[in-house]
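First the structure, then my questions, so here it is.
Just so it is clear, A, B and C label the chains in written order, and each chain counts residues from 1 on its own.
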Amino acid sequence: MTQPIALLTDFGVQDAYAGVMKGVICSINPDACIIDISHGVRPQDLLNGSYLLYTSFTFFPKGTIFCVVVDPGVGSKRAALCIKTRNYFFVGPDNGVLWSSVQLESVEKIIVLDNPKFFTPQMSNTFHGRDLFAPVCAHLSLGTEVSAMGTPVEQIRQLDFLAVETDGQGIKLRIVHTDHFGNLVLNLKTRDFLRLSLDYFSITVNKVRIDRMVSFYEEAPSGVPVLIPGSSGFMEVSLRSGSAASLCRSTTGEWALFSFKSKRLS
Amino acid sequence: MTQPIALLTDFGVQDAYAGVMKGVICSINPDACIIDISHGVRPQDLLNGSYLLYTSFTFFPKGTIFCVVVDPGVGSKRAALCIKTRNYFFVGPDNGVLWSSVQLESVEKIIVLDNPKFFTPQMSNTFHGRDLFAPVCAHLSLGTEVSAMGTPVEQIRQLDFLAVETDGQGIKLRIVHTDHFGNLVLNLKTRDFLRLSLDYFSITVNKVRIDRMVSFYEEAPSGVPVLIPGSSGFMEVSLRSGSAASLCRSTTGEWALFSFKSKRLS
Amino acid sequence: MTQPIALLTDFGVQDAYAGVMKGVICSINPDACIIDISHGVRPQDLLNGSYLLYTSFTFFPKGTIFCVVVDPGVGSKRAALCIKTRNYFFVGPDNGVLWSSVQLESVEKIIVLDNPKFFTPQMSNTFHGRDLFAPVCAHLSLGTEVSAMGTPVEQIRQLDFLAVETDGQGIKLRIVHTDHFGNLVLNLKTRDFLRLSLDYFSITVNKVRIDRMVSFYEEAPSGVPVLIPGSSGFMEVSLRSGSAASLCRSTTGEWALFSFKSKRLS
């Protein structure tokens, strides 16, 4: 097998956008191995895209080429990037969506993709997934050196989906993902939460208060939203046999207020 | 080609859950052939999952490894299974979702998957699709003997999506699937329905009465819901150029009352 | 790699219909390369299917076998077709959905698929995707001559998604697609629009007037719907950071009134 190309986009699955990217890739590398991570990033939501990439990429084989297209600035002057790390290639727009994941890796090269030889002949202003990112990934999967595709740079745009805010009442966490089951994923690492060794906590999402933690779904009482260590290493607000998102009438991008008393701090 | 791994889950396609399972599989077997049956099982609905597996698996090549993740009890004590039949491997939780399909096959081995050597190193309580079922399927596709992966057992949990109830007014059928076109699939086999040689029948779904059968969609009159032999061998309530589910304001899991007069019985 | 089989259907992704087609294909050709263009064609909408095929197929490798299943007449007397062109194979029902795309190609053979040797043994009246189109495509990918699969014909049913109407007030364009971002795609080619060299234009969609054009999304002012040259070569009504479809409360299949004053014509 050649190195897999893993796609993460906000294109959804009702359109042909993701399919056309695959057509472009197979036209360049007929033996390409293409894996869909998801096309369900919330439209144009860079934090959600960052979260999904961050919690997915380590499960892919070394050498995987990640093609990440969440790109509200397509057609403007934002650069297109390929970041080669010790284990992977990350390809996508320079809008921060790659930043958090790349922090976990040892970066070897950052290339601004500005060599039109590797783009499709008729370049659009609205679909660089098809015209730039897909062909670049296909050429990478054929073994083309990334240095040939553009200009080295030192810096990329930063965007930290782990960033929180504080106010007088506590820590304002961000809901960075709402999953298919209605679980609300917070930008609070399970590891960090457990380290606090809390006597007491509460999470308030849109006036709904959550102050109980369980360790798996069936342990939760019916009808009561709970906090649970999610499978991706982040704490989630969950409702057994129901949707926490519906119960809290909340979704990705909104805040969750986190208050607590810690054994260690008191 | 290696044996295909066919995925059937309730993960939906907006998240990265299915994508991450593919990453795990390809990390273990880079030449794996992965086919999505569907990730659209109704969340945590074992009857719907049973129906979709039952009506799909026979269309896959011999040797296919079915990875079925509909798993409300994940993290609790429910066992994880691999059932080897003459033609296939069925991998999934021991909650009944595999039962109906396995009845159609000649069972050779039932193994409780309890050998952590074949799991991912950091096992979560909430995502055995990624941490247990995906790696087990990948190892099976590499030719690992299923006996090495766990402990033989004799029995699995039963769940019969074909079960119906009767009351004074008729037979209570179950709506086991609502498809993309709004067709309501009943747990009534076409073969069984036709054998009844009925003079008269009626199906009542949420107060809407259906008493006419057609054999293909264009044969149906406009605006009138009909019964039609569906492509999967089950009778469906259908509405031409419309959604029977919307018309009946009904969906998967609900009952449909079936009354009839039979030539044979009268 | 064998020739890819590219699937375009209105089956959605919640059901197992597309998955079962893949099972059938892999049962016949274990080395088949299957690519999903999309399963999100609007149910039974031939114009939308035509548009999605027309704007996708040229991005696929030569030799690709397009399997197009938008088939409201399944089970009736409508014929099943395979059209071999210089570059591709187009397989689908004879209801016009293939017509616009085939006009761009040099046709070599049109075959009505009437040789049941290439169908599944138990043919349904409701799912020719599984029983006829999938096995035919699998056999084509194995190199079977299309002539062996049926009877040559000269004509196919026409359906022109580019057709417009005029009335006293202007040209009635059709919304042929609504994408995941809420962009409303009109059946007006960008090339044709630009050739008009307009002094002034307005597009009216459900009483919402659009009279400004931009060339990429970030160029658009907030809250104001604009016309933009879409990535597929057609003009789109778009709303920056929002959904034009929601703003206009409009969707695929509806009309958009196009009025203009042209430099050339005046």
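By definition in this document, contacts are C-beta pairs under 8 Å (C-beta built on N, C-alpha and C of every residue); 3 or more make two chains touch, one makes a residue touch a chain.
These numbers were taken from a predicted model, which means no experiment stands behind them.
Engineer: Select the category (line, ring, star, complete, other) that matches the graph of chains linked by touching.
Structural biologist: complete
Engineer: Same or different: at the subunit A/subunit B interface, is the fraction of residue numbers used by both copies above or below half?
Structural biologist: Here the answer is different, because the shared fraction of interface numbers falls below one half.
Engineer: Determine the centre-to-centre distance between subunit A and subunit B, using the mean Cα coordinates as centres, and give it in whole Å.
Structural biologist: 31
Engineer: Counting only residues that touch at least 2 other chains, which ones in subunit B make the list?
Structural biologist: Those would be 13.
Engineer: In their shared complex, at which residues does subunit B touch subunit A?
Structural biologist: So the residues of subunit B in touch with subunit A come to 10-20, 22-24, 26-27, 30-31, 43-44, 72-76, 124-127, 130-131.
Engineer: Residues of subunit A touching subunit B in their complex?
Structural biologist: Per the touch definition, subunit A meets subunit B at residues 1, 4, 6, 8, 13, 33, 35-40, 52, 55-56, 59-61, 64, 177, 179-181, 215-219, 228-232, 241.
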